[in-house]
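Below, subunit A partners subunit B and then partners subunit C, in two separate complexes.
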Partner chain A sequence: MFNYIVRKLLGMIPMLLVITFLIFVGIEMMPGDVIDFLIPMDELARMTPDEVNQVREALGLNQPMLFRYFSWLWGIVRGDLGYSMQNSVAVSKLLLDRLPATLELSIAALLISTFLGSFLGVISAIRKGKIADNVLSMAGMIGVAIPQFLFGLVCILVFGIYLKWLPVGGRFLPGKEAFFERLEYLIMPAMVLGISMTAGVMRYSRASMLDSMNRDYVKTARSKGLSEWKVNLFHGLRVAYTPVMVLIGFRLPMLIGGSLVIEQIFQWPGVGILFTDAIRSQNTPIIMSVGLFMVLIVLVSSLLVDVLTAVLDPRVKLS
Partner chain B sequence: MSNTIRKTALDRKMDRLLALEEQGQLKTNLKSRAFRKILANKLAVLGVVLFTIIVLLSVAAPLFTKFSSTQLDLRSMLTAPNETHLFGTDQLGRDIWARMLYGGRISILVGFGSAIGAALIGVTLGIYVGYKGGWLDSIILKFSEIFMAFPQIIIILIVMAITKASLTNIVVIFILTGWPSMYRMTRSQILSIKEQDYIQALRAFGIGDLKICFKHMLPNAIGPIFVNITLSTAMFILQESALSYLGLGVPPEVATWGNILNIVNGRFDYIQQYWWLWVPTGAMLTIFILAINFIGDGLRDASDPTQLG
Partner chain C sequence: MINDIVVKVRDLHVYFYTNQRCNKVLNGVSFDIKKGKTLCVVGESGCGKSVTANTILQLLPELSRIEKGSIEYQKDDQLIRIDQLQKNGKQMRKLRGEDIAIIFQDPMTALNPVYTVGHQIREMIFEHIPNLNKKQAFERSVKSLAEMGISAPEQRDREYPHQFSGGMRQRAMIAMAMSCAPKVLIADEPTTALDVTISAQIFDLINELKTQHETAIMLITHNMGVVAEMADEVAVMYMGNIVEYGKVEDVLTQARHPYTRALLRSIPVLGKGKDQVLEPVRGMTPDPFNRPKGCQFCPRCDFATELCENKMPPETFIDENHYVRCFHHEEVIKHAK
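Showing the complex of A and B:
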């Protein structure tokens, strides 16, 4: 197991290099450069090419591309994420500003979807063909089909505008930043994101629970005289949970990237919006750092899925 | 010994079927078992019906509305639904019903085009390279890993900036990000199929690789592929609508379901006062996705031989 993890972690390095390099080339190929977003248009028109060149020189944009990529990489190795080109704020500081908001929202949503989804899915599987199952399955179908932004809009309209139970957007009021004071801001985006992800978890856990309930080892457990809930919980659910873990593992990357749609709709000041703005204004250091973390967490979560699969399902051997 | 074995619900159902069969009332004109199973699945049939209605409405849009999707009419902005404008008009006086129909064409095209494109690449590679194995297999597998780990939003925004937002580009991006999962699914199917005896036999007869791949193995892997294409179509339509809703998708002048809804992005006053700007389009979009998912689930059950029916 240990060897496997080390080997996988080492294997990530070339992947990270290739992908970050591709992102770098991509930014390079975008028309225009950060200068166009840095300096107001009328000012840019008045500047001589020499002056523009000086700004480029100062930002280090005149160096060859490979040199800039490797100097970024060298910075990362030393733990220096660089500075935003727009306002010279350290990228690490920008990220530390935004990351807590994104983490708060996505962890809440992951927890909601995981617990609600697996609970409802197992209920639905145990009561297969009964009313509870049909209602839940139908709700799950609709949940998968309704676009996230539409669901968000409806919730804002109902709970924010008509019932006035919850604020329609933002993360806190200035000055009132304690957790309980901003909890009401978190509820709606977290519920919308969480419930829209619940449907998927529910369908997965129902299907794999049904699958595992028909397996021989569950029949064996039942024939040993174990109580029904013990059979379901310890023998059925344990193995049934593997595909669900896979699904949740694939959703971990949004811990860093955030959910762009939800952040936009609820005006949630997370990484997603920072990141799209950075791409639009070609703010290379921000794009590269966030991109690196996104790729890293995709790779780490797929490793995590592998390991957890092996832990949960005794039939799986890591090789 | 007692003769009274308690009959379960399934026993009674079988008895009824047996009785019907003996009376000669049970007709099975439909030869294909998969097809019969689809028809027996009420939700799948409902899905097919809804799907067909929406596709027909979109394809034959000029028959159902006399307005165009782009014609501005500044004298009738934001009019409520009435006899001339079935679902009212938007803030530029464009007829919403017309935009829903013409927008459906584009949204459905983007969804299907991307899913089929991704399937063509993914399935072809999955079957042929999966069958051949060797170094090519490990390279393509590595490639698919890179594409899967690549943050999609970066590809979308960068490609859009390099080549300007267009319909073709969004389809190309969806294909680029969609083929790896299609490839991996097909490959895992092929890896188990190619070990089976009949494939060994075909190879022993000296039949060409291409023929073995696409004539003999493809039909045996086609079920999950169809299911995947259906569900990917739904996924791509949802993605397109979300991107267009955020203003990151297809160019704003093209009507798609997402672009129609883009009007209400960040406009709570619109959402509250002018429900017809978003409710009908949102409903149509959701119903269409629901219909595709019903069909996909039906196909999955029908193509899965381990499920009785």
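Showing the complex of A and C:
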């Protein structure tokens, strides 16, 4: 197991190199010149080509692309993420400011969708064809169909503006930053994001549970005299949740990318806005860092899924 | 004599209501399972053997139910009407495993892949003997594995089903079924998924249970050869009815139902030599949703008359222990001679 993990982690290095290089090339190929985003229009109009060139030189933009990629890479190896091109703030500082907010929101949403989704899915499977199942299936369909932003806006209208139960946006009031003081800010975006991710988990766990409950070992369990809840839990669910865990593992990358829309609607100061702004203005160091982080999460989640499957299912051997 | 009957099934009707249609799977099935005896239930696939077995333990799927008839279980001095118990209720669950155990056709799928074999046996033991401690339960599961001829049982106990071969898994299933010393063992085609030599070992094992523990055994098979080998009594099933029922020697030598005869002609008989003619049973089994009105075997039968087309023959007793559902059984046996 340990060997396997080490081997996999080492195997990630070439992949990270290739993918980050591709992202770098991608940024390079985006239309427009970085200078246009860095210097305000009117100022740019007044500058001579020489002056513009000086700015380029200072930012290192005149170096060949390969050189710039490897100097970025060398920075990463030393733990230096570089500086935002726009205002020369360290990218590490920007991320440290933003990342906790995003992680807080998406972990909360992931937990909500995981527990709610698998719980409802299992209930739905056990009560197949009964009222509970039909209601849940219907709700699941609606859940998949409604766009996140619409759901978010409706919730803001109802719970924020009309009922005034929860704040309409932001993450905390200045000076009141303890977890419990900002909890009320987290509830609505986390619920909206969580519930919108629930339907998928629910449908998947329902299908998985139904499949498991039709297997012979469930009948064997029943023939031993076990009570229905033991049969469902220890035999039906125990086998059914391995694939559900795999699904959730593959959803981990959503921790970074999945909350974009919600962050915008609720003015949640996360990575989402930073990242979209960075892409719009071709702010290479920020794009590269966030990109690297996303790729890392994807690779680590798939490793996590492998390990988890091996732990949950004795038939699976890591090799 | 009467006390030897452990399970008594009378006029059992079971219907399935799938896809808005009614499938009358069992239409009046009666038989006894006796202490220290093997009842073989034989018939082509789809005739309702598994449903009969599962009904005794109320393991029927949803959308099916016992419409009519009775299942009685003789528990010491007490007579329990199984058909009247709540499906997964406490009383029914207490009977499962402790009094009546069942093993299924495919040992590959009947064991849960994520638990060790020992754990699955102990699950049963703890359910019925809850005051055992871990060590006692472990000893007991190891002992039941050892009794079923599994070598290195302590180590095997800790292994997962996928580490067992097919025959070993079926032994483990039987070990599990026998771990609480049930009075009745129902085996639903226990060797269909296994090869011939392994099958023979499993049958030896079942015979041992019968003689040593006086377990009442209901053995389901579609193979007349197995019947000849294993049975004390035989029930021949066709499309939801027992068409002939009796002691094995009577049914095999004095078969009075055309279907029993057809089945017997379809298997090789030991000692008759190489050039015996084997005939598969003529025709096809009818669609279960579109059953014949009278005798179910009528469309495939040489003796069929108008009476057979319109009326289901009743159970006609030849003697105390032998009955047949055929209007023309006299003719059948005369014809055979």
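By definition in this document, the second predicted complex is superposed on the first by the 316 of 319 C-alpha atoms of A that agree within 3 Å, B and C clash if a C-alpha of one lies under 4 Å from a C-alpha of the other, contacts with A are read in each partner's own complex, and residues count from 1 in each chain.
In the analysis below, a residue touches a chain if its C-beta (ideal position, glycine included) is under 8 Å from a C-beta of that chain, and two chains touch if they have at least 3 such contacts.
Just so we're clear, the structure is a prediction, and the values are computed from it rather than from any experiment.
In this overlay on subunit A, subunit B clashes with subunit C. By the touch criterion defined above, A:Lys8 reaches neither subunit B nor subunit C. In the superposition on chain A, A:Arg182 makes contact with neither subunit B nor subunit C. In the superposition on chain A, A:Glu228 makes contact with subunit C only, while subunit B stays out of contact range.
By the document's definition of touching, of the two partners only subunit C reaches A:Lys219; subunit B does not.
In the superposed model, A:Arg315 makes contact with subunit C only, not with subunit B. Of the two partner chains placed by superposition, only subunit B is touched by A:Val168; subunit C is not. The larger set of touched subunit A residues comes from B, when the choice is between subunit B and subunit C. Only one of the subunit C stretches 45-53, 63-71, 81-89 or 171-179 carries C-alpha atoms that clash with subunit B in the superposed arrangement, namely 63-71. By the touch rule above, subunit A contacts subunit C in their complex via residues 215-217, 219-228, 234-235, 238-239, 242, 312-315.
Taken together, the subunit A residues at the contact with subunit B in this complex read 15, 18-19, 22-23, 26-27, 29-31, 141-142, 144-150, 153, 156-157, 161, 168, 253, 257, 260-261, 264, 275-276, 279-280, 287, 291, 294-295, 298-299, 302.
Against subunit A, in their complex, subunit C makes its touches with residues 57, 59, 88, 93-98, 101-102, 104, 106, 109-115, 120, 123-124, 127-128, 160, 162, 173, 176.
Interface of subunit B with subunit A (complex): residues 145-146, 148-151, 153-155, 157-159, 161-162, 234, 238, 241-242, 245-246, 248, 261, 264-265, 268, 271-272, 278, 282, 285-287, 289-290, 293-294.
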